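Two complexes, one shared chain (chain A), two partners (chain B, chain C).
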Partner chain A sequence: MGVVEEAHNVKVIGSGNKGTVVLGHGFGTDQSVWRHLVPHLVDEYRIVLYDNMGAGTTNPEYFDFDRYSTLEGFAFDLIAILEELNIESCIFVGHSLSAMVGVLASLHRPELFSKIVMVSASPRFVNDDDYEGGFDQEDIKQLFEAMQSNYKAWCLGFAPLVVGGDLDSAAVQEFSRTLFNMRPDIALSMAQTIFSSDMRQILPFVSVPCHIVQSSKDLAVPVSVAEYLHTNLGSESVVEVMSTEGHLPQLSSPATVTPVLLRHIRNDIAV
Partner chain B sequence: MASSTITTTTLSDLPDVILSNICALVADTRARNSLSLVSRKFLALERSTRSHLTLRGNARDLHLLPGCFRSISHLDLSFLSPWGHSLLSSLPIDHQNLLALRLRLCFPSVSSLAVYARSPTSLELLLPQWPRIRHVKLVRWHQRASHIPLGGDFVSIFEHCGGSLESLDLSAFYHWTEDLPPVLLRYADVAARLTRLNLLTASFNEGYKSSEIVDITRACPNLTDFRVACTFDPRYFEFVGDETLSAVSTNCPKLTLLHMVDTAAALTSPRAVPGNDAGDSAVTVGTLVEFFSALPCLEELVLDVGRNVKQSGVALEALNSKCKKLRALKLGQFHGVCSATEWRLDGVALCGGLQSLSIKNSVDLSDMGLVAIGRGCCKLSKFEIQGCENVTVKGVRTMVTLLRKTLTDVRISCCKNLDATASLKAVEPIYDRIKKLHIDCVWSSLEEEGGVEETSHDDDEYERSQKRCKYSSDEALNGFCSEDRVWEKLEYLSLWISVGEFLTPLPMTGLHDCPNLEEIRIKIEGDCRGKRKPSEPELGLSCLALYPKLSKMQLDCGDTIGYALTAPPLQMDLSLWERFFLTGIGNLSLSELDYWPPQDRDVNQRSLSLPGAGLLQECLTLRKLFIHGTAHEHFMNFLLRIPNLRDVQLREDYYPAPENDMSTEMRVGSCSRFEDQLNSRNIID
Partner chain C sequence: MRADLITIQQTLTPEAATVLNQSIAEATRRNHGHTTPLHVAATLLSSSSGFLRQACIKSHPNSSHPLQCRALELCFSVALERLPTTTTSQTQEPPLLSNALTAALKRAQAHQRRGCPEQQQQPLLAVKVELEQLIISILDDPSVSRVMREASFSSPAVKSAIEQSLSGNSVTPRQTGIVNTSSIGFGYRPVPVPVNRNPYVNPRLQQNVSSSGGGMVMQRTDEAKRVMEVMTRTRKRNPVLVGDSEPQILVKEILRKIETGELSDGPLRGFQVIRLENESTRFGEISGLVETRLGNSELTGGVVLDLGDLKWLAANNGGGGGLGAVVEMRKLLERYKGRLYFIGTATCETYLRCQVYYPSMENDCDLQAIPIANKSLLLPTMFQRLGSNNNNTLLLNSNNISPTRTSQIPAGKMSCCPRCLQGYENDVAKLEKSLTGDNRSVLPQWLQNAKVDSVGDKKPTKDQEIVELQKKWNDLCLRLHPKQSPSERTTSPSSLSSIMKPNPISNITPPGSPIGTDLVLGRPNNKGVSSREKKSREERIGKLGDSFDIDLFKKLLKGLAKSVWWQHDAASSVASAITECKHGNGRSKGDIWLMFTGPDRTGKTRMASALSDLVSGGSQPITISLGSRSRTDDGLSLRGKTALDRLAETVRRNPFAVIVMEDIDEADVLLRNNVKLAMERGRICDSYGREVSLGNVIIILTTDSSLGLAGNVVPIDETRLESLVGSRGWTLRLSVCNGSSTRKRKPNWLCNDQTKQRKEICFDLNEAVEVDSSSDVTVEHNEQEDNSNFLHKLVALADDAIVFRPVDFGSIKSKTAESLKKRFGDGLAVEIEDEALERIAGAIWLSKISLEEWLEEAMGSSLNSVKSRVCSSSEDSVIRIQFEDDVSDRNSGGYLPSSIRTVVV
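Let's look at the complex of A and B:
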């Protein structure tokens, strides 16, 4: 097994020949977040699963704080995986942050992606004048205080005890739940990366077709974000808002989400 | 006067033969370890007399096996790391054979083997090494792979150890019931020599079918110890009824130990109390009498039937006269166990030789019945009562008083009228003798006085029997158990508590002073989903710091169900609950902890969360920690901060154990890295 494969716990399964589907999970979770979707794809496609650096299932020593201070670090990881597996073209399904990582990767290497399915994606989480990202500065401040308190405790050998449920804002609670699954220093770094990232400027340069899928009630991703993406993406795109709740619909409502994702994977955007 | 030198005689002056016999009798591992440090001679003696060994360590380090334990007869390989993986299968084939050979060279006399057999290959490698094995225990919590042919797991055992095999334990081995009977048929001569067969497998939903039980007992007529999980529900296909029982007793007349346990009653919902309208089983009294008559050697009997067995009193009286050696009895859902309508003893109260009695879900058992049992079963040292709605503190307390000389182990659970206060009140008469106790932590409001109001008619009956018995009872049946009681002999305490409740009232109910309490088991159960945040931030584990000798704990939140990552807005997820449960655990000086994290059933995840790991790392006196679930590597690394921690393992010993990475099972690499770090530290003692 190559170094990249092993570090990212890459798994290639499925005997299908309709193409290759690469599944990218969001921060704080790992490839098991796709457990309900995989059985439905296994017969038709070759599926590649991997864990991002910093996920609980990877060796924490491999997390390079400089590399991952921006999303590009993750995009390069994705490209490295595709190259090591000699994948010429794939359908990339990315959840939350991974969706943006896929978009970034496609800017560098557009020929590697035939389409990107974006689940619960957002180019920027913090509100701006004219832009509703979903989070206020106040909310984020409280989250950072929590992460910093955990980080300090961890460094000093005490128990980091703050979790998402302690925060006031329901949106932050929901979104950050998975952040508290990561090691405190990595979680703090990721939080900084997430809330400082702003992908709005690069959207017009995307050339790969994008399928935008999200919950109708996701506190972290208002429906207006899906609209924004659709309007500003340079490539052709389509939006589907599912009648699900929460930021991890593929885990909380698999019965609704799986058919939607299958449809978007199998079918292209009608011109 | 010549001075005489004073010589002292020490243990080492005893002849070697005697010393070696003494050494052989020492069972406790830590004692043996200490023994081996005394001198080279004692070291040699200890090594040559140690008979039981559980191997811990990483399977890939098997070449480092010590060769000094030549007398091991009982070898347990099921705990090797990485836990739950096929032994040796990750190595190239020629290495596998060499390591199996090495195992044989180091342990030439193995007669009893326990091994985690994820697939038959481990057995095919190991069993040929010891053809004289008498006892095999297989462990598998992972699902049985469907490509294994029927019986494939067992063929190696019967093939290689057929000459001397006597006992097979499948109680922790997930298999299909169809796997076993054909193998027993094929190796009929081996089956005929079997004396022990344990088929009480925790993972079964329905258990063994009636015809399978008949076939098995017919193939193994020499069984003395037979335990099987089955279903007594007549609505199910192949339920156990009269015919099955007759067949069992006819086929295996030499049985001394028999457990027949209904899977629904005991394994899937052990605390469910069937109401008055629960269905009947297909077991009749007449058959029971014949059944008992045909098993005169019975010493221990468990019939945990999940449906009603009516009017069983007569059968139990027959039990007493036919099975004179019976010492332990457990009955589930038997009615008429002891009706105590007249002065004379009836039903189970006539079984005077019993030392252990467990009555579960007998809806008609009354206080009078308990008193009769107390009078009749006068040698009882262990008594358990579960799900009996009609008994009250008066009945139990009177019974306990009657059995004061012998009773040391009492368990009270799921009885409507016996909450924590009442249960303690009930066992108060033996406060200075009781060694093991289970109560449910159901707290009544503090204004209530203990006990339940009874009708005056019952009171008269009760008074009369009191006078007749001529014993003295405590007058104060109202109020709480006195806080002055010193529970001097109490060593083991087991508690059940519903999720959301607190542990803090426990000392105030009377268990304030337990100077010798060493081990505690706490089971927290319930559905967290939709529950509001508890009014206090912690369950109250710190209140256990009262008990000075407390060193071992089993904290079982495994049946607490909630959301791991997908909690709806503003609902508590499992990380908050885990923090609630574990806060304060660092205040106890525990040396050994078994912990079952709460689970998210939708994704079959039982995983340690951030606050969980953080709170566990505060138990600075821990030496052994077993987490029955999964955990991320970086959370495990928190535990490296505990200075003397030396034995840690993630054991997914619940059904079904997560099969692969789709369930965030801790990966083999992570496991090995963690253990390497753990083992590379200097341990002071």
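Let's look at the complex of A and C:
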């Protein structure tokens, strides 16, 4: 097993011959966020699961605060994984942070991606003139302060907010678990990276078809963001807003999300 | 002394207390007279959480070296061995805390208090010393830092490493900016290491490759180089390679190089090697050999004496020939300065023992220890350390993340007797067998579960099954062996808190979670649902004795009963609950949670405001209305925030406030859960995740539900009352008329008859309500079902639940009439028209003002004039209070008319 594979806990499973599906998880989770989707893919596809650097399951020593102060760090990691596995082309399913990472990676190496399925993706989380990102500068400041002052308390408050569910629900529990697994300083650094990122300028240069999948009610990503992506992406794109709630619909409402994701993975955008 | 220990333990969090207890146990085991900071440090080092260990590793320059920590551990155990033991070993009492340790604990407490500004206002005992603080203050102890220095650790460095990880701020200052301009947009940076085959790889991964596994040979030459460097120094130039098995290989290699003359250009040119083969017994001979060799003029260089494994020096507890050998070595070294080198190997333990037995050896013989890592093991051990130990101290494992899940932790949750425990264990073993029988090991753990789920197979996961088994056996045990180990059983499976609580009686508490978190620490659930206890308050007061402050109770009861006179029982319950909580019953928490149940909304509101008045000195309670029926007006600053944030905000602003959460049964799920959590933990977490300590607030949760405890008394329909009193303007007419004529006009029987008739027409509040409520019941039935479960949970968590009996409006009316008549004085006959009485009573009921106040305000002047007239006229006069419609006076001031017309007939 290569170094990269090992560091990112890469798992390749599935026996399908329809191609390779790479699943990228978002902030505060790890590859287990795809637990409900994976079983439905194993027969058709070869599936690559990996953990982003900084996730609780990765070695914190490898987290280079400089490298991951921009999303490119994560994008390079993704390309490194694909290279090490000798993947020539894949369907990339990215959630939140990873959706943008996928887009960024596709700018460097468009040939590696046949399409990108973006789940709860946002090019910029902070509001701007003529752009509704869902967060005010003040919100973000408070969020960082809360993270710094007491990480575990922040986790407990943040998890139900983001997942959008009952405090006792399995999804919230699961998200708090993975969120909490992160080392606090790394989590803070990643959150800063994410909330300071602005991918709006690069959207027109994207050449890979994008499927935008989004909850109808998502605290972190307003529905208008999906529309924004759709209009500004340089490539073909399609939007599907699901009736689900929360930023992690694949975890909180798998029954609704899994069929949608399967559809978008299996079918391409009709020309 | 025992009492001392108990009070000290109360100032510690359970983890810290556990460490202290273990240290005491260690001191007992070693027959030491005192428990010292050294014991605590040793316990901390050996504890599985390894917080201290990790900080040590972090602080040390050669941080990747796992042996360093073992060295430290050994240094501590050696230091402990040196401590004097008591001869009187038969004493049953645990050893006293040494002064140094007591001082350290006090330091820790002071730091802890300083560390959390939120808690400044809390009493001394409410601040619990966390494990981290304990470690920091232990590190400050001179004896501990001396031992750490011996193992070449710096306690200040370790301390700062802990403090750093505490604040979670190992991020560089650069990271604190909110918008990192360089990261916006394109800012692609060139990939730093372009040499790789794969340019996208994280350079850190490659660093690791080169320094471990793949670069083994390279590293060995590195270490050899280090050894040679040591040997070419002027001081401390005799290397002792400390490690498990690698040193021998390395030494062999180095000596081979010296012998074959590979090092022809260094100062070791032309050196010969003499090996100490038969060790100490022959050291004398060897020294002779060295002398002859060095005396030989043909030798241009010098001699390297291979001391081999130093265990021969450490054998026999430093007795035997060891000391002689060391003296001899020193002599040789002095005589042949610069021409004689020693080289040796030792395991970590051996080297430390040598240091203990021959404290001056290192200096006398110019020895320099060089730690050598075991390379074949380095990679896995490092990963293990980083992957498990390292993380666990900072990050919790999933089970600990939330108190709601603690009941699912499979281990250590059994409360049954040994026999049943065995049965349970058998079952678990069976279960495990059956699970491993399935060939499911190919997929990762989390996927295995998912797979099972997704297939639709309802087979429960292993954890669930284990929990079920626990439940089964616990239940079984409870039924079969009810008399066995009742004390154990009180720690119910769901309350981890009671297990985690420091147990002041036994010396050793079971080692709880090694991780310093407060997440799982609920409050001891040591109170029953007192509302269900039918015994009278007086009995409880008697029983509580000293701990019950009778003065406070009386003051509260008097104040509360005065303003909420129709709920005397409730007032008494509130008073006793508050008194009980304030005086702790041994509990040190400051926040008080009360449930006000029952339909009497006015009573509840009045009670809360009277309580606030009495408890927090005249201020009004802060009301957060959750229900749709709220009449309260919230402060402007709180508008637009969620109820949870308002609660947190209020608590933050005034930690002594009385807060009313009205209609808690109508709260949304999130708030409900947060309230439940807050009740358990004494802290509230707002939606930004900021925690606020509840301080000394009194939080009153109200619900209209009586939890099925109230009888079938029909409550007052307040909306109806409101429409009656508030819809139209009305006023009162006060008239004085001749007594006899009045009596003629209105005989008693007629009076009664009239009121009866009126009742039947429309004004019987009770009857009207009866119809309404019965229809309500059918509609809201389902909702109530859902709610009752939640409410019962709250009742169980609250300090007390107070039932407000439904109020009979008739009694209110008669009471109002009574006080009205009283106000007019004894000698006068007062007649109050029923309609007027109804309105006055209703209005008083609904408004915040009391009858007396209103009478004084509105009736005062007219009353006096009426009185004077009555006195001057015939004694037979009667004062009549009548109701009058008044369109002009509409809504001028609340429900009650502000003035009263006085008419003399």
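Just so we're on the same page, the second predicted complex is superposed on the first by the 239 of 271 C-alpha atoms of A that agree within 3 Å, B and C clash if a C-alpha of one lies under 4 Å from a C-alpha of the other, contacts with A are read in each partner's own complex, and residues count from 1 in each chain.
Going forward, contacts are C-beta pairs under 8 Å (C-beta built on N, C-alpha and C of every residue); 3 or more make two chains touch, one makes a residue touch a chain.
What you see is a predicted model, and the numbers here were worked out from it, not measured in a lab.
Once chain A of one complex is fitted onto chain A of the other, the partner contacts of A:Asn232 are absent, as it touches neither chain B nor chain C. Once chain A of one complex is fitted onto chain A of the other, the partner contacts of A:Ser252 are limited to chain B, with no touch recorded for chain C. Legend: residue contacts after superposition of the two complexes on their common chain; A:Gly157 is shown touching both chain B and chain C.
In the superposition on chain A, contact of A:Gln173 is made with both chain B and chain C.
Of the two partner chains placed by superposition, A:Asn127 touches none, neither chain B nor chain C. With both complexes superposed, C is the one of chain B and chain C in contact with more chain A residues.
In the superposition on chain A, A:Arg183 makes contact with both chain B and chain C.
Applying the stated contact rule after C-alpha superposition, one finds that A:Thr29 touches chain B and leaves chain C untouched. In the superposition on chain A, A:Leu219 makes contact with chain B only, not with chain C. Once the two complexes are overlaid on the shared chain, A:Met53 sits against chain C while remaining clear of chain B.
Residues 11, 32, 35, 38, 56, 59-60, 150, 153, 157-158, 160-161, 166, 173, 177, 180-184 of chain A contact both chain B in one complex and chain C in the other. Chain C makes touch with chain A in their complex at residues 167-172, 175, 177-180, 182-189, 191, 198, 200-206, 208-209, 383, 386-387, 390-391, 394-396, 398, 401-402, 404-405, 443-444, 446-447, 449-451, 453-455, 517, 519, 669-670, 673-674, 677, 685-691.
Residues of chain A touching chain C in their complex: 3-4, 7, 11, 13, 32, 35-36, 38-40, 53, 56, 59-62, 64-65, 67, 69-73, 76-77, 79-80, 83-84, 137, 140-144, 146-158, 160-161, 166-168, 173, 176-177, 180-185, 188-189, 192-193, 195-198, 201-202. Interface residues of chain A facing chain B in the complex, by the touch rule stated above, are 6, 9, 11, 29-32, 34-35, 38, 49, 56-57, 59-60, 150, 153, 157-161, 163-166, 170, 173-174, 177-178, 180-184, 186, 219, 245-246, 248, 251-252.
Interface residues of chain B, counted against chain A in their complex, comprise 565-570, 572-573, 575-576, 579, 586, 602-603, 609-611, 614-615, 617-618, 632-635, 637-638, 641, 661-664, 667, 669-670, 673.
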